[in-house]
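As written, the chain order gives the labels A, B, C and D, with residue 1 at the start of each chain.
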Amino acid sequence: MQFRKIINDPVYGFITIDDELIYKIISHPWYQRLRRIKQMALSHLVYPGAVHTRLHHSLGAYHLMRQAIYELKGKGIDITPEEEQAAKITILLHDVGHGPFSHALESVLIEDVHHEELSILIMKKMNEEFGGGLSMAIEIFTDKYPKKFLHQLVSGQLDVDRMDYLTRDSFFTGVSEGVISYSRILKMLTVYKGELMVEEKGIYSIEEFLISRRLMYWQVYLHKTVLCSEMMLVKIFQRARELAASGDPDVKPDSVLGALLFNELQGSVRDNLALFCQLDDTDVTAAVKIWGRHKDPILSLLCNAVLNRTLFKLKLQAEPIDPVEISKRKRAIKDLFPVSDNDLDYLVFTGEAENSLYDPKEERINIVFRDGTVKDISLVDNALIHQNLSLAVKKFYICYYKPE
Amino acid sequence: MQFRKIINDPVYGFITIDDELIYKIISHPWYQRLRRIKQMALSHLVYPGAVHTRLHHSLGAYHLMRQAIYELKGKGIDITPEEEQAAKITILLHDVGHGPFSHALESVLIEDVHHEELSILIMKKMNEEFGGGLSMAIEIFTDKYPKKFLHQLVSGQLDVDRMDYLTRDSFFTGVSEGVISYSRILKMLTVYKGELMVEEKGIYSIEEFLISRRLMYWQVYLHKTVLCSEMMLVKIFQRARELAASGDPDVKPDSVLGALLFNELQGSVRDNLALFCQLDDTDVTAAVKIWGRHKDPILSLLCNAVLNRTLFKLKLQAEPIDPVEISKRKRAIKDLFPVSDNDLDYLVFTGEAENSLYDPKEERINIVFRDGTVKDISLVDNALIHQNLSLAVKKFYICYYKPE
Amino acid sequence: MQFRKIINDPVYGFITIDDELIYKIISHPWYQRLRRIKQMALSHLVYPGAVHTRLHHSLGAYHLMRQAIYELKGKGIDITPEEEQAAKITILLHDVGHGPFSHALESVLIEDVHHEELSILIMKKMNEEFGGGLSMAIEIFTDKYPKKFLHQLVSGQLDVDRMDYLTRDSFFTGVSEGVISYSRILKMLTVYKGELMVEEKGIYSIEEFLISRRLMYWQVYLHKTVLCSEMMLVKIFQRARELAASGDPDVKPDSVLGALLFNELQGSVRDNLALFCQLDDTDVTAAVKIWGRHKDPILSLLCNAVLNRTLFKLKLQAEPIDPVEISKRKRAIKDLFPVSDNDLDYLVFTGEAENSLYDPKEERINIVFRDGTVKDISLVDNALIHQNLSLAVKKFYICYYKPE
Amino acid sequence: MQFRKIINDPVYGFITIDDELIYKIISHPWYQRLRRIKQMALSHLVYPGAVHTRLHHSLGAYHLMRQAIYELKGKGIDITPEEEQAAKITILLHDVGHGPFSHALESVLIEDVHHEELSILIMKKMNEEFGGGLSMAIEIFTDKYPKKFLHQLVSGQLDVDRMDYLTRDSFFTGVSEGVISYSRILKMLTVYKGELMVEEKGIYSIEEFLISRRLMYWQVYLHKTVLCSEMMLVKIFQRARELAASGDPDVKPDSVLGALLFNELQGSVRDNLALFCQLDDTDVTAAVKIWGRHKDPILSLLCNAVLNRTLFKLKLQAEPIDPVEISKRKRAIKDLFPVSDNDLDYLVFTGEAENSLYDPKEERINIVFRDGTVKDISLVDNALIHQNLSLAVKKFYICYYKPE
């Protein structure tokens, strides 16, 4: 009897796991931790359905990888069983290094270590546990494996990671315009000269994919309420760290978060991997709940605002925020109650949000025509996605406390 | 007990009819005729699900009109019960003048009369039957009613007609990328200075709507197999008419189609409205089946090819077709069997297909900002839809017989 | 490059055809004919979306067969590539013998030959054309192939035919309660002792499947308006035949239907297969349209009623129709205008409709438990589907003309 | 400009809030707390999508109430604007008294107070804050309001609570067989003699609803892995309380949970409502994470098993568990390591799970026929749901630790 587990997924129906090593990786506590990290952080404050987890997303991306490989093999592309297993493991673990509420908290909790580096460290450690079974997956992840297209499926302009998160995020938010036709795109993928490409007939689906992504960015990921709540969370942790630095003992949470915030860890991230792998959304939310009762008025104000969804105001605009407006906002608060200039920076602050439709320099979506010609999608005749549009759109915001 | 009928619709769930006059109009034989006219003509040769009818589409558009009016009234826009009823009747009947397999056959079957004119003639005739109950609907349809926005809901860049056909056609074809968020767009509609506009927050949904429409055009409506089969149908009718003109009695179908093809009708279209209202897809398909056994080899060849889906080849390209290629194709056929030059034009022919993303001159999608500013969507900051893109894209095709 | 065609299907997304023989069968004019036969006959008079075709259904059933075989092979069941191809061909052609508007017209148009027999005749004829490529498919269809479970997948209590038509019919009607979880049922199928069975974990899905089927019968297939229109169609053809028998020349349609109605065919059905394979919905509808203008008042009354959806009344009840009621209805008509007793039978008639939830004698859904025990689903502990419920439910109807 | 907020919901599309009082209630911290309580507790260990919250469910139930009232008013049922507002408030708050991981933890955390009583206490307190605006809602909730049917819509056999949770839970788990046709059921509801009833045409939809509920119970809510994890959570809290009672200081969590577990609260629940309203899933999960590092081996074993999904085994069967089996399981553990008899009860334990299809004594689904007859659904002709089936099905389970 063959090994076989089936998982219900509202997005794709069923996800099949028919490889014992893959099932063992999924069962590993470090993978199970992803159950307790929401994929979309605080977006559920706007879209109440958006509470799905990183575990669910990486299972979904695994499913799409399975489909992609099935399609490519059907077109005669050579992929060995070992490569297939490795590619599936890579995508399963591509996000395993994410901490809670990234991208907001990433730089706050663990400075100077990107989540991809953490993913690699975790994969290497698991590779030891599983007797080398992840070696090829690590090569694919770090783009050292000769068949480039396997890495491109994991991390590229048209990777299964993006395809799953756009599909899944639009599903759970209910933003139906964000829906992409992942199944058609998967059927249009091919490998040409060793690179992942899209068949000519897939051009319109790719355009739709890029436009949907643009919509998801401005309507969901950078929705002003989402942006506001996530920036407030950053402020909460800055404040907690400031209080900790000033010797306040009450601010230390009863979890691994405490050690991180207080910089008490000895050695490198690699030395503390097991500790890091205990961190999840619970620690952050539990801390925010406790700090909501903290005596520092700035900290408790910020925490209760995020908990109870009585958020600051956020204004998003095309031009940089006028310093006059910042001063005006700060003064309005000072008129209400005494607050130091340092503390005011927690109640009025500015920032930038940016998104590009398609960057032909960095990203490459190559279309292969029936006659063997290859063109970047921005150079195709009558392309929707051309040079001008590929410029990044930058918006500026001011976020400020405004009591009712 | 209030009048109330409910119709199951796979697209919207349920369609409610709670007005007796509207139910009577739906029950009219001239409306019921739309059951026998497919919305997408021969597209089902490529997309087997695309067999939905014009009756189903116009019921769907009626449902969206109901929703649109509900939303607008919820925003305080003044719409009287009479106007509401009239707007619903207008949209129900907006396509009632369509003949079978339009747009392909429109100009072939009834020359010089556009289907909109026929719709108006039919509405006027029904207005007599229903004692003037359709007068306001006719004013709205012909854009003579003072509240312009009601006409814009029926026929404009963002009308419920387009919203339904894009939604419905992508539903029944299974081209999921074509799905638009009609419900969000409806919620973003508003009336400002008497005109239908879109609220600022709806910009991304409108972009998605336009891109989806573009995709539906190139991937579905102008799909080369669809285009080919529809052009072949046109050729079939040209041939039948030619044979009729030459006195062939066998070509006359045993339906109203016969009289139309043989130009036997006395008087204007208006005089023959009842006759025209007997025409539907059945007449055309029955004629094609009979002509498939006709002794004229060109006619039977074309008919059997369409019936059995052994279609001609069609090549679609950005540049006009080279006359050299046309000659080459014709010669290839002549090499196989003797055929006159006149007859060759039925076996090798060319044409053009065109679609524009958005034409700011003709169409107007106005965005109203929170501060009362109004801008055409192509002029909004960072607009995806700008001047260059709004140019129409024209493609050229050659269609030719190629025996296996 | 491997052979590969992809067809969009709104129900399953994409249907893949990766076998040249199968593609040739699909391209055969006798298969293409199914494009012109609606799966649900006149049900669209109630459910406007229900205009999908037998071609679409058999492609869908083919897709489910492909899935079923993939799942069974994944469980280690031995199925050779030849068997896989044959099983797919069998299901593709299982309905190829259907005439227009069956089941209503089946016994009227071709007496004494069941559509399954016609399917076999057609498969045999195609087998000659394709050089014996359909031999194994015919064995499976006629249950002569040793691996019984392949026949059971085509025709049994849990075959892919039923799974597709329930899924597809509920999809196109919009009767969402009829939706079954075909993908879960397919995953629960297994082969044990050579027979198709369901794994223990699938019991609740099977219950749901049977209840959904019950709902579809009473709410859709035997909906009183659907029943009424189909019985009226039967009456139309009885009348036409009666008029033909009495020597009326005007009643003969200009299609193969004429020969059938007038019993002019020489020889057996087998001898006239090619002729039968020209019949489709168009012939019936075209005849009904022409007969709507026929001088016989009974025939034209019936035809226009079906065309314009001004149907007779139908009453459905648990008890047989009281003869007193029949007389009363007939008298009411006679009071309005003179009509012979023979003709009255076209205007007032009765009949029966029947459906059983599950018949443990005929049908067998066997559940195989983890310990190897096999039980009929009606004998499982706490079974919903037990002896009493399996009795057929019979309803009686009277259908009568009632002018407004 | 009318007040109007729109919330995206993947299940229903959009949820509209057009009443300021209702928006204020939703904005209340006690309502916002429901964001942090998962609707389906630990079911996500089996169905990874099932992480939706009680806030999302109660918004969904509110939406269905809005629809139900719209349908009933369309049928001429008299419902005043005040009653409409009150009914919406009632359903919004019907679950506000739920604690984290109910139903598992309900009796463990707050003994002797049912969540409905807590909901009433909370509604009364909010009623004070909102100046009496919730008075009618409280009357409806406690079934003291004269129009009984309003209470039946909130809490009855066919209430919008059940309709939403079945719909939502099947949506998020991906168990598509659980889908019910809420929109058809809503359209079939009516009020007759002051009671909520179902129109005759709705019988099959109701059957489907009951069968889907049965399926959801056995396949989801009482899935053995879900049952096992929830019973283990109960054991965790029993153990923590036992340790607390024995004077262990390390077991006390740094949240309101500590006070509850240590029975430190003064006064009644009513006196401690604000405290209770700080409790959510975070407190429980944070405690489980901390206890995973506790020195008591039983507590840490249980906690890590739930966190890492290395759960105990659970066997579900029709007969009570044989005491011999219990002894055998306990002995097997004792053979591995020394453990006291008291502690063994945390590692091997038994219980019962029960579900009835329909209980005609308690629940009443009345069908009203066109002639005014009213019958309980279990007494209708050919009813699927009859006396025998209405008996509750009881299953027994044993849950035991089994190291790999």
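Keep this in mind: a residue touches a chain if its C-beta (ideal position, glycine included) is under 8 Å from a C-beta of that chain, and two chains touch if they have at least 3 such contacts.
None of these values were measured; they are calculated from a predicted model.
J.: Which chain's centre, taken as the mean of its Cα atoms, is farthest from the centre of chain C?
T.: A
J.: Could you let me know which interface, A-D or A-C, is made of more C-beta pairs in contact?
T.: Result of the comparison of A-C and A-D: A-D.
J.: Express in whole angstrom the distance between the two chain centres, defined as the mean CA positions of chain C and chain D.
T.: Between these chains, centre-to-centre, one finds 43 Å.
J.: So the centre of each chain is just the mean of its C-alpha atoms; given that, what is the distance between chain A and chain C in Å?
T.: 50
J.: From the C-alpha centre of chain A to that of chain D, how far is it in Å?
T.: Computed value for the inter-centroid distance: 32 Å.
J.: Note the residues in chain D that touch 2 or more other chains, in rising order.
T.: If we look for residues of chain D contacting two or more partner chains, we find 13-14, 175-176, 184.
J.: What part of chain D is in contact with chain A in the complex they form?
T.: Those in contact with chain A are residues 7-11, 13-14, 27, 29, 32, 35-36, 44-45, 47-49, 51-53, 55-56, 59, 171-176, 254-255, 278, 282-283, 285-286, 289-290, 307-310.
J.: In the complex formed with chain B, which residues of chain D make contact?
T.: 1-2, 4, 6, 13-14, 18, 74-76, 183-184, 187
J.: Mind listing the chain A positions that touch chain B in their complex?
T.: 175-177, 179-181, 184, 204-205, 207-208, 211-212, 214-215, 218-219, 318, 357, 381-382, 384, 388-389, 393
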